[in-house]
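Going by the order they are written in, the chains are A, B, C and D; count residues from 1 in each one.
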Amino acid sequence: MGKGRVEAFTDGVVAIIITIMVLELKVPHGEDFSSLLPLWPIFFSYVLSFINVGIYWNNLHNMFHTVQRVDGRVLWANLNLLFWLSLMPATTAFMGENHFAPVPVAVYGIDLVLCAVAYTILVSKLRPLHGSDAAFTKAVGNDRKGKISLVCYIAAVLLTFVNQWIGVAIYFLVAAVWFVPDTRFSRVLEK
Amino acid sequence: MGKGRVEAFTDGVVAIIITIMVLELKVPHGEDFSSLLPLWPIFFSYVLSFINVGIYWNNLHNMFHTVQRVDGRVLWANLNLLFWLSLMPATTAFMGENHFAPVPVAVYGIDLVLCAVAYTILVSKLRPLHGSDAAFTKAVGNDRKGKISLVCYIAAVLLTFVNQWIGVAIYFLVAAVWFVPDTRFSRVLEK
Amino acid sequence: MGKGRVEAFTDGVVAIIITIMVLELKVPHGEDFSSLLPLWPIFFSYVLSFINVGIYWNNLHNMFHTVQRVDGRVLWANLNLLFWLSLMPATTAFMGENHFAPVPVAVYGIDLVLCAVAYTILVSKLRPLHGSDAAFTKAVGNDRKGKISLVCYIAAVLLTFVNQWIGVAIYFLVAAVWFVPDTRFSRVLEK
Amino acid sequence: MGKGRVEAFTDGVVAIIITIMVLELKVPHGEDFSSLLPLWPIFFSYVLSFINVGIYWNNLHNMFHTVQRVDGRVLWANLNLLFWLSLMPATTAFMGENHFAPVPVAVYGIDLVLCAVAYTILVSKLRPLHGSDAAFTKAVGNDRKGKISLVCYIAAVLLTFVNQWIGVAIYFLVAAVWFVPDTRFSRVLEK
């Protein structure tokens, strides 16, 4: 079964998710710069989510590059990941419109946790389809980076109830780490 | 006539349908977990529709994989299916916002019936373009699974007026049956 | 210059246009069938526009199939067509929400006129890039069907001010004529 | 690393941006032509943004045509450009709904400046991946047109506070200059 259409569909859904989040940036009716000020939490959470969804697209792009085969289980594992990503416009707005109150920040983090879990499941469904010598297997390795991110997200959700800004800081920190492009896949491919 | 662009357009429309449904998840302004509670019927109907649209994408993905030719009638039969799928964000919201009241649950089911009928029509327009030995013909067979689903949906719509939760249960049951990937197409292709 | 990305971009924009129109189908809060009744003008105009945009996609699909070359002028002529098509969600809603009042019906028709003019311009920019023996040139011919449609749309706009239902009837009539797939392109290709 | 999926994802996001802007054209409930009149600033800003986003799509289309390699830095530089383009529906609405008041016109221009800067960064990340003899390098040249546009946009933002219509006029002027298709890339390719 070809991977082409899975890639195309995934790209389509991710492109829509990353773009409709901007619909939450409701335009103010004031005519001066100060009327834009109340938008900062929504804009700030939009930036964070744009980076996060961008990271997922980047990683999926690189990962599918090494994938050789997909099957029915992979299609559903991929749809599962897209489901949790599709909630990001809602959780982003929840966080932004409530000015980074603790519970909305935690809910945003729970969505990040579930996205990370879904990504791990997707990888685990792709593993049995690829031999231990396949580019995919070598590139993914033991996915330490993914596992550490997951632990960080869970810690961030819990620490949100101490102070929500600790949670937000961890979200940005993890994003920054991934922002540096994941060289695993390209390194293996170059060999 | 190539099938490539029909696949691409179908993927595009389905990707948009599956994603804009999330716009109905209007963000609450409360700052605690309890403010999320009233969202449950909308979230619950979103999950059901995400699975249903996902099933259609999956089946279309697998079916078009074996398709060799398309013609003008197929293009319109496909657009007909996309039309009824495009109503799903509206029927999903109708069901969710009215907390699974009987009529909205029935209307949702009527849309599922019409999608299933449209899928059957699409298959019937593809049949004459493929010989009896073609992978497509063998894979589709007599489409018993599709016909049973259609009967189930009609039963669900009628039983909704006894108790709407019977209808909802049948919707989930049929989804669960399809959730197990349709192996017909991949089985035939492997030979 | 390759036509692939022009096709892909056009498909993307058309897929979004055809799908976001459904966002106008605002969900009623009533719980019985009668609460759906006030939606009929919006639903009815959605059906008309879905068919119209579907026809454009179909025709563009068939036409680009025979196209061999595109240049900068074609890109802009295509964007021009997409612009007028992109107004269709707005003109559809204007017509539906005002229950097919004469002016909104005329405005809808003016958009159809402008789409048809834009399509004609697109064809005229593609002509000089194809020899008189090219599949494209033979398939388009003198585009009589397109020209008659244009005249019909203009007549419909004017007759709307006599009675708006004459206009609506002509819109459906022209759609019905195009609904029968445009065999020009496939006929020429088969030779 | 292949450029195919970067192109596809970029096309998808740009297609969505250019289309969801029309959602700001909120339909009036009046039934005569005069009810459309108050829409002119929103329509006018929509036209300007449609042209601007169309120009970016056109330029990206032509540029990626000559691109031979992409890497992780290019992916992020491209996402950065898409981020600033994704704000265009919001800045367009801000400008239109406030009837071209000076600050909203300046904010719109600041977004154009940031898009132009992001485009320049994208080009600079592509340069080291292409030899001095590559089609890409020859086609881009010193990107004088891009640099002049950037200076014009900055001037427009500043002059907005003298009179906002000077800013709007410059936005249209720069758009008109780019509207003439960028022949650099096609010229080099033809050799």
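Convention: contacts are C-beta pairs under 8 Å (C-beta built on N, C-alpha and C of every residue); 3 or more make two chains touch, one makes a residue touch a chain.
The structure displayed is predicted, hence computed values, not measured ones.
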Each chain counted as touching chain A and chain D at once: none
Chain separated most widely from chain A, comparing mean CA positions: C
Homomeric contact chain A-chain B: same or different residue positions, threshold half: different
CA centroid of chain A to CA centroid of chain C, Å: 37
Geometric centre distance via CA averages, chain C-chain B, whole Å: 26
Residue numbers of chain A (touch at least two other chains): 8, 12, 16, 20, 23
Chain-chain contacts as defined at top: A-B, A-D, B-C, C-D
List of chain D residues in touch with chain C within their complex: 7-8, 11-12, 14-16, 18-20, 22-23, 25, 27-33, 35-36, 47, 50, 54, 57-58, 61-62, 65, 179, 181-183, 186, 189
Chain B partner contacts - residues on chain A that touch it in the complex: 1-2, 5-6, 8-9, 12-13, 16-17, 20, 23-24, 71-73, 75-76, 79, 82-83, 86-87, 89-90, 93-94, 97-98, 101-104, 107
